[in-house]
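Listed below are the structures to be examined.
Both of the next two complexes hold chain A, though its partner changes from chain B to chain C.
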Partner chain A sequence: MTTQIATQNTGTYLIKGIVLIIAALLLFAPFLFQDVRSLEVAARICIFIVLVASFDLLIGYTGIVSFAHTMFFGFGAYGAAILLKEMGPGWTPVILGGLAGVAVSLVFAVAIGLLSLRVKAIFFAMITLAAASVVLVLASQLSQITGGEDGITYRGPDLFKTATKLVTDDDGKVVRLWGVRLNGKLAAYYFVFFTSLILFLAMLRFVGSPFGTVLKAIRENEARAEAIGYRVVAYRTAVFCLSAVVASLAGTVYAVWLKYTGPATTLSFAIMIDILLMVVIGGMGTMWGAVIGAVLMILAQYYLRDLMGVASEAVAAVPILPELLAPDRWLFWLGIIFILLVYFFPKGIAGTAMSGGAKQ
Partner chain B sequence: MTSPSLVTSDLTIRFGGHVAVNSVSCAFKPGELTVIVGPNGAGKTTYFNLISGQLAASAGTVTKDGVNITRMSPSARAAQGLGRAFQLTNLFPQLSVLENIRLAVQARAGAGWRMFTPVGHFRRLTQKAEHYLEVTRLSNVAHQPAANLPHGDQRKLEVALLMAMEPDIYMFDEPTAGMSLDQAPDVLDLIAGIKADTTKTVLLVEHKMEVVRALADRIIVLHNGELLADGDPAEVMNSQIVRDVYLGRATEGAA
Partner chain C sequence: MTLLSIRNMKTDIGQYAVLHDISFDVPEGGVFVLLGRNGAGKTTTLRSIMGLWKPSPGSVLFKGEDITSHHTADIARKGIAYVPENMGIFGTLTVDENLILATTSGRFDPARLARIHALFPALEQFRDKQAWSLSGGQKQMLSVARAIIEPRALILIDEPTKGLAPSIVDAMAGAFREIAQTTTILLVEQNFTFARSLGRDMAVIDDGRVAHSGSMEDFAADTALQDRLLSLSA
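Let's look at the complex of A and B:
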C-alpha cells in the first residue's frame, strides 16, 4: 500500500511538472518560437486547454456527456464577431459580444439542463446533440447575421493590430526584445494567454472547492449524493451552466485572436470530436489531462505532417517505407497513435500516471 | 409521552399489480429504537425507500415532525433531518474514505455551493469528518479510496456516512450484513450510542436475533407488505403470528 501511494505521488508530481513546463513554454512562446505559425499553434493550445478543461468539468468531474460544447464556444465567438463586424474594431464590441455570448449560453444551458438533466445520460447526450445541430444549421443559414458558411471576417481592437507599436525607440520604430517586435500581435497573444490562464485557474478553484467534491460525488454515485442531501439536478444544471460560460468566454477570446469566425472554427462537430479526444487522451476528471491532451493533439494536427515529410525523405532509399510515411497519410498515423494511447493509458495520460502506472 | 417524530399513514406502493407495501401506518418516537423484521421480500427495504424518498408512494403519507414529506425529493428529506444507510453498500467508490465522510458533513453544513474556496479551508468540516472516522475506527484508512476497503470497513463507512449527516432520524438497513463476527460489535456499539441520545429516532432492519434482542425497544413485523405485529420485543417475538411467519405458515396461507 505504501509503495502504491508513493508511485501515486510521483505520477502526480510528474504530471504537474509537465503542466508547469507547458505553461512556461506557452508564456514565452512568442520569444521561443519566432514564426507566425508557431504563435498560431500556441494561441490555439491556450484556448483549447480552457475549452477542454471546461468540458472535463462535465464529463470527467460530473459524468455528464454533452455534445453541445462547441455550441457554447460558438455563442461566445459569434457574439464578439457579429458586434466587431457591426460596430467596428474596439473593446466595447468585444466586451458586449462576450457578455451576449455568455447570456445566450446561460439561457440555453439552463433550458437544456432543467428540461433534460433528469433523464438518462444517453437521452441528455442526444438532446445536446440536437441543440448543437440546430445551432450549426442556423449559423450556416442566417447568412445575413452570421455570414453563413463563409463566416465573418473583421478587425479586432486596435491594440492587437500588427502595426501597433507597443514600445518605440527614439526613431519611432518598434523596439525588439530578443529579436521579437513588441507589436500588437504580441499583445494579442498575451491577451489570449492570460485570459486562458485566468479561466483555467478559476476552474482549478472550482474543482478543489466543496462544490467540486459534490460534482465528483454525483459522478460516483448519484443516488447516494441525493440521499445525503445534495439536490443533484440543481448541481448538474449549475455545472452545465458554469462549463457553458467558460466555453463561451473561450470562444470570445478565440474570435478576437483569429479575427475570423465561421462554423468551421467554432461550431463544427469536428471540433467537438477533437475536444472529446483531447479529454480522453489527457485523462478525464483531472484538469491536468486537459492541458496534456490539448497540447498533444494540436501539436500532432499541426506538425505530424511535417514530421512525416522529413521521415519519408530520410528513408527514401528503402522500399515501401517512404510510401507508408508519406505526409498525406498523417491522419492514418494519428489514428494509430490514438489507439495506442488509449490502449496503454486507459484513464488518459494524466489519469493513468496519477493513479500509479499503466497496469491498473 | 413524547410525540412521534416520524409517522407513516396508510403508506402504500404498487408495482403494476403487486402491492409491495400495503397501507402501513406506524409512528416512531424519539428515544426509541424500532427493529423492523420480516422474511425476505416482506417489503422492509421498500418501506425504507418510501420513507427516505428513493421511491414515491402510490398512496398514503409520510410526516416528519408534523411536516408532510411524502412528495419531497430524497435530498429535501435529508435536509429535514432524515438519514438513511443502505443495505447494499452505496458509497462514492473512487473518493477517499475521508472525502466520503466530508461530503456528508458538508451536506449537513450546507457548504456544497461554495465554489471558490478550496476544500482545505473548511477546517471545521474536515475536523468533524475526522471525528467520525475516529468514532467508526476508520482513521487508519482515511486516505484510501472507498473501493479499496474490505467489505467490513465498507459497511462501517456506510454507517459513518449516516452518522456524519447528524440526522434526527437514523434508518439502518441491515448494517452488519456480511460483516465478520469481530467487526459487527463495533457497528452495534455505534448504534447503541445513537440510541442513548433520547432526541434521536432509530429504525433498524435486522435479521440477527441477538442484535434484535440487544437493541430493540420495539419490534414491528412486516409480511407481504403489511404490518403484521407491533409491540414490545419479547411479546412480539413470542407471538404466534411471528412464529407462523418465520416458519412459513402465513406465506402458505397468503399464497
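Let's look at the complex of A and C:
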C-alpha cells in the first residue's frame, strides 16, 4: 500500500509538472512559435482546456453525461457574435453578448436540470442530446439572426485589430519584442490566454472547495450522499448550471478570437465528440486531465497529418508503409492512437498517473 | 420518553413485500437492538426509516413528527445518522473529507474531532489518506465517526461487526458504549454476544414482522425464546 501511495504522489507531481510546462509554453507561445497557425493552435488549446474542464465538472466530478455542452458553448459564441455584428466592434457587444449567452445558458440548464436530473442517467443524456440537436437545427434555420450554415463574420474590439499598435517607438512604428510585433493580434491572444487561465483556476478552486467534495461524494454513491444530508438533484442542477456558464463564457472568448461564429465552429456534434475524447484521453475527474487531453487532441488534429507526411517520405523505399502512413490516413491513425491510449490508460493519462494505477 | 416510533410499517421492494407489519418504539438514550435471522427485514427497516425506501402504509415518527414522506436528505438533517452495512464511506475521498462531508457547517468542531480521534486513533493517523486504502476495521471506524462528527439524536447502525477481527469488535463495543451516553443508537446486529453486551431494549424481526420486543435482560435470560426466534443453538 505504501509503494502504491508513493507512486500515486509521484504521478501527481509528474502530471502537475507537465501541466505547468504546458502553461509556460502557452504563456510564451507568441514568442516561441512565431507563425499564424501556431498561434491559432495555442488559442484553440486555451479555449478547449476551459471547455473540456467545464465538461469534466459534469462527467468526471459528478457522473453526469451531457451532450449539450456545445449548445452552451454556442450560446456564448452566438451572443457575442450577433451583438458584434449588429452593434459593430467594441467591448459593449462583447460584454452584453457574453452576459446574454450566460443568461440563456442558465435558463436552459435550470430547465433541463430540474426536469430531467432526477431521472436515470441515460434519459438525461438523451434529453441533452435532443436539446442540442434542436438548437443546432435552429441555428442553421434562423439564418436572419444566426447567418444559417454560413455563420456570422464580424470585427472584434479595435484593441484586437492586427493594425493596432500596443507600443510604438519614436518613429511611431510598432515595437518588436524578441522579433514579435506588439500589436492587436498579440493582445487578442493574451485576452484568450488570461481569460482561459482565470476560468480554469476558478474551476480548480471550485473542485477543491467543500462543494466539490460533495460532488465527488455524489459521483461515488448518490444514496450515501443523500443519507448524510445532501439533496443530490439540487447539487447536480447547480453543477450543471456552473458548467453551462463556463462553457458559455468560453464560447464568447472563442467568438472574439475567431471573428467568425457558425454551427461548425461551436454547435456541431463533431466538437462534442472532440470534447468527450479529450476528457477521456486526459482523465476524468482530475481537471489536470483536461489540459493534457486538449493539448494532445488539438496537436494531433493540426499536426498529425504533417507528421505522417514526413514519416511517409522517410519510408518511401519500403513497400506498403508509405501507403499506410499517407497523410490522408491521419484520422485512421488518430483512431489507433486513441484505442491504444484507452487500453494503456483506462482512467486517462492524468487519471492513471495520479492514481498510481491503484484499484479503488 | 420515545424518540422514534414505527407504526404498522409495510415496505415493498419492487414486487416483493419485505416488511409486512413493523411496529416498535425506540426510547431516548442507550442502545436499542434489532435482532433477527438473515433476510428477516432488519436492513429494510433501517432503510425505510431513512427514507431510502418508502413505506406504504405505515408511519415513522421522530420526536413526535411524522417523517415518513420526508426526503432522505431532510431526515438526515433532522439529526438521524445512518451507518450502513457496507460502511457507506466514500473511497475516493480522504478520511478528513469523509468526516467533513457529514458536518453541516463544513468545519470541524475541534472538541468533537478530538473525541473521535481518542475513540479511533487510526483516523488521526490516516486523516489525509484516501478511504479506500484503509483496512476493513478502519473503514467501519470512519463510518461510525462520520455519524458522530456532529451531535445527532439517533444513529442507525447496520451490522457493524460483520467481518471484523475480534479485537476490532471489542474496540467498537467500547466506542458504542461511550457514544450511547449522549446519543441513542438503533443497532441491527446478528452477533448476539455483541448485541447483548450493549443493548438495553430490543426487538426481534422475523419474516417482516416484529416477533418479540422487550428488555435485553429478559430476552438474554430466556434461551428457549432465543432459540425459537434466532435459532442460536442450530
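Remarks
Operating definition for what follows: the second predicted complex is superposed on the first by the 356 of 360 C-alpha atoms of A that agree within 3 Å, B and C clash if a C-alpha of one lies under 4 Å from a C-alpha of the other, contacts with A are read in each partner's own complex, and residues count from 1 in each chain.
One rule holds in what follows: a contact is a pair of C-beta atoms (placed from the backbone, for glycine too) under 8 Å apart; a residue touches a chain by one contact, two chains touch by 3 or more.
This is a predicted model, so every value here is computed, not measured.
When the shared chain is aligned, no partner comes close enough to touch A:Y302: not chain B, not chain C. Shared-chain residue A:Y190: touches no atom of chain B or chain C. In the superposition on chain A, A:N221 makes contact with both chain B and chain C.
Of the two partner chains, chain B is the only one that A:F206 touches; chain C does not reach it. Once both structures are placed on chain A, chain A residues 1, 5, 210, 213-214, 216-217, 220-221, 223-224, 226-232 are touched by chain B and, in the other complex, by chain C. Only residues 52-54, 73-76, 78-79, 83-84, 86, 90-95, 99, 102-104, 106-108, 111-120, 122, 125, 143-144, 161, 165 of chain B touch chain A when the two sit together in their complex. Contact residues of chain C toward chain A in the complex are 50, 52, 71-73, 76-77, 81-82, 84, 88, 90-93, 97, 100-102, 104, 106, 129-130, 132-133, 146.
Those residues of chain A that touch chain C in the shared complex are 1, 4-5, 210, 213-214, 216-217, 220-221, 223-224, 226-232, 358, 360.
Residues of chain A that touch chain B in their complex: 1, 5, 202, 205-206, 208-214, 216-217, 220-221, 223-232, 235, 238, 242.
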